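Chain naming follows the written order as A, B and C, and within any one chain the residues start at number 1.
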Amino acid sequence: MLKYWPVLLVVAALLPLASSSQFLVNLAMLTAFSALLGQGWNIACGFGGLTSFGHAVFFGIGAYAVAIMQTRFGINPWFGLPAAAVLGAAAGAVLGAAAFRAGLRGSYFALVTLAFAEVFRILANSLEITKGGLGILIPLHPALANFQFDDRREAYALVLAVLAVAMGVAAWLRRSRFGARLVAVRENEDAAAALGIPLVRTKTQALALSGAVTATAGVLYAQMFLYVDPSIAFGADRSVEMLLVAMIGGAGTVWGPVLGAIVLHLIQDTARLLIDTPGFAPMLYGAILLVIIAFMPNGIAGLRLPALRRNRVRDA
Amino acid sequence: MISLSILEAGLVNGLLTGGVYALIALGLTLIYGVLHIVNFAHGSLLMVAMFGGWMLVEWAHLDPYAALPLMIVVMFAIGWGLYAGVIGRISGGDDRRILLATLGVAIVLDNLALVLFTGDTRTIETPYQFAVIEAGPLLLSVPKLISFGVAIVLALLLWAFMARTDMGRAIRAVAREPDGARLVGIRPGRIFALAYGIGIACLGAAACLLLPTFYVSPQVGNVFVLTAFTIVVLGGMGSFPGAVVGGLLIGVTESLGGLFLGESLGPIGISLVFILVLLFRPTGLFRAAR
Amino acid sequence: MLEVRSLAKRFGGLRAVKDVSLDVPAGSITALIGPNGAGKTTTFAMIAGFTVPDSGAVRFAGTEITRWRPDRIAALGMVRTFQITQPFAGLTVAENIRVGAFLRHHDVTEATARARAVGTRLGLGPMLDRPAAALTVAGRKRLEVARALATEPRLLLLDEVMAGLNPSEVNEIVALIRQVRDGGVTILLIEHIMQAVAALAETAHVLAEGALIASGTPRQSAADPAVVEAYLGHGAAARMARHE
């Protein structure tokens, strides 16, 4: 039975769609959304080892792009979605090309991403086009055509669909030539280069891919909550959330971010029952992160669950 | 137009603030130079020190400057304990892991402070908090002058400690050649904890110097963490003179940024300096003197 | 196949490599030998694009490749191994080799088959699905060679693949290198141990203190007084005489 746990998980994810409980749907939606964020981080940082402390930059670009496009230029958010993904990819490509060409790795790369997110947060806070610290309110016009949802279940279904695509990307990384070469870069850059892998290009492509997925999550956020401001979009908390979800669940695995998101939301809700003080749940996340780093470098997914075992290269 | 006198005031103000920045950055650069740890928890530990100082002022009715020596000792102990208990156990292996570990420590500390003290912003009251001295056309804030002077004196003391004492020499030996140091009977593990402790002790002093003119909140560390990294990267990771010069430069950059770009856009200067230095001159202005 | 002209590299005040020129004819096994610290690995790193030379030129198969990035050089057909083995520790042996195979084979199934074939040929068959971290030193050296071979190179640069192996393992790897050459791959190898090279290489270039001091067959090189001096230390003969 344990062997089929991903199937069970999928069934469990679909159940709220048939439920009328707002609470349940909301919980499922927020969990799926966290998993999507974690997966966005995981694509570059888990598979490629490009630890980023500022992934909110891509999230914020997506959220602001779709908000500005519809409030300023009247562009339908359904068109905004691919446009934001392209912008996210472009941001990843620019950031990656600059940082990797300069030879930034490890901690230095993490810090430079943090600074990038900070630059964007300050810009969003100061510029007229982002309405500064006020943030952008997207007018309420609930209709599927407007990418706004009356029924939370519709929104949830959409988040699930995008999450499925993101997991598809992760699964492709697991199987493809690009993914195998990206993992090689993560494991040992010198050896990878010696075997003919272009380091800067491979890492930049991974960051662009990750940027696209993360920007898409930003679009979903803007359309679900109809409000964006600088710290929601580019704040350090968002970057940390993505990192925590992926690291706790298992960086560099397909299902890790899903498991991480479930654990995080379970903790959040039980912690709230025990001690309802702001900061208590995040404090636990930090402690869990330390435990994971010290004892379980592969996260929850590193536990010996059958479907998570490393794909072996089998006889063709 | 910004008049010359405002510009002068901005410059001097930036320099004075830069003294404390230099002290914060000295701790960070010492930890990097000896342990090769990028200590992301630095801002959060500064926050802890500020709350420590705040408690001594509010509850024990100490003057913040009287609390300073005490906080140096307390923060040294916290730093030592943190290294011996958490960071030292996780370190080893690649630097991403250590960076993530210090991030974990930062998350725990920030949120612990949130649980204990709520998110409120707190300040202390001192008789001299608004005192000023006239120097020609300039009005200089007394607590900022004191903080600048004390910071520079402490920086010199730290330098003398590293250069002149056996313990300082042992730390530098471990920084250069951990294996060689082991051969002459120095235990690197203890030296690492010592260096981390000293690096964090700098924060105890910096916190007390900041208290009269700054606020305290669980998020206050975030204000300083990127600034501190910018200084250290600008000065050259691991370089003592780099941290001091970088601190003063960044103090001025911040002050002038605020003057020319306004309050909301001003802070962008520091992040931009950080990115540009990393992309174009990652060794910083001073090569690490090792 | 490979022409190296006047390569030089300085690290701070130290002239690690002063002026190295050598040719590697197609189909040969050529050796670069010398005492520790002679600059062998730095020379290799410059040839393979890992270290940028201060001056000098490298031509490979008629193409000027000086200052090329390592991955471009590898794509052109010259691949190096590392003296300190650099496995992708989190991957299996077969996955390690497959990273090399992906250079010429874009299809996953094809690359996988290719990787397993190369691994089996190099005697890693039973270990293919084990983590690379589980290999012994000899196994890791084989993995280095297997990964490089999987890229289907024309010239293979082997950096001390025999160091740290016991005599029977050395014999095995010598046979393996011959077999690789007979399969049409030119080989340039760095070695510290003279004996292993004597059995293997047609030409041996001797490097000492960053400069070539002798070239010829391994036997000729070993007999050269300058080489003896370089290996045993300056004035070694005189010192030995005093002790006796």
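A few points about this structure:
The working rule: contacts are C-beta pairs under 8 Å (C-beta built on N, C-alpha and C of every residue); 3 or more make two chains touch, one makes a residue touch a chain.
Nothing here was measured: the structure is a model prediction, and the numbers come from that model.
Greatest Cα centroid separation from chain B: this falls to C. Centrality by C-alpha centroid: the chain sitting nearest the overall protein C-alpha mean is A. The geometric centre of chain A is 43 Å away from that of chain C, both derived from CA atoms. Averaging C-alpha coordinates per chain places the centre of chain B 48 Å away from that of chain C.
Chain A and chain B have Cα centroids separated by 32 Å.
Against chain B, in their complex, chain A makes its touches with residues 49, 51, 53, 98-99, 102-104, 106-108, 110-112, 114-116, 118-119, 122-123, 125-126, 132-133, 236, 240, 243, 247, 275, 277-280, 282-283, 285-287, 289-290, 293-294, 297.
In the complex of the two chains, the chain B residues touching chain A come out as 38, 40, 86, 89-90, 94-101, 103-108, 110-115, 118-119, 218, 222, 226, 229-230, 233, 262, 264-265, 267-268, 271-272, 274-275, 278-280, 282.
Residues 175-177, 180-181, 183-184, 187-188, 190-199, 310, 312-316 of chain A are the ones touching chain C in the complex.
Across the complex, chain C meets chain A through its residues 48, 50, 69-72, 74-75, 79-82, 86-92, 94-95, 98-100, 102-103, 106, 108-113, 115-116, 128-129, 147-148, 151.
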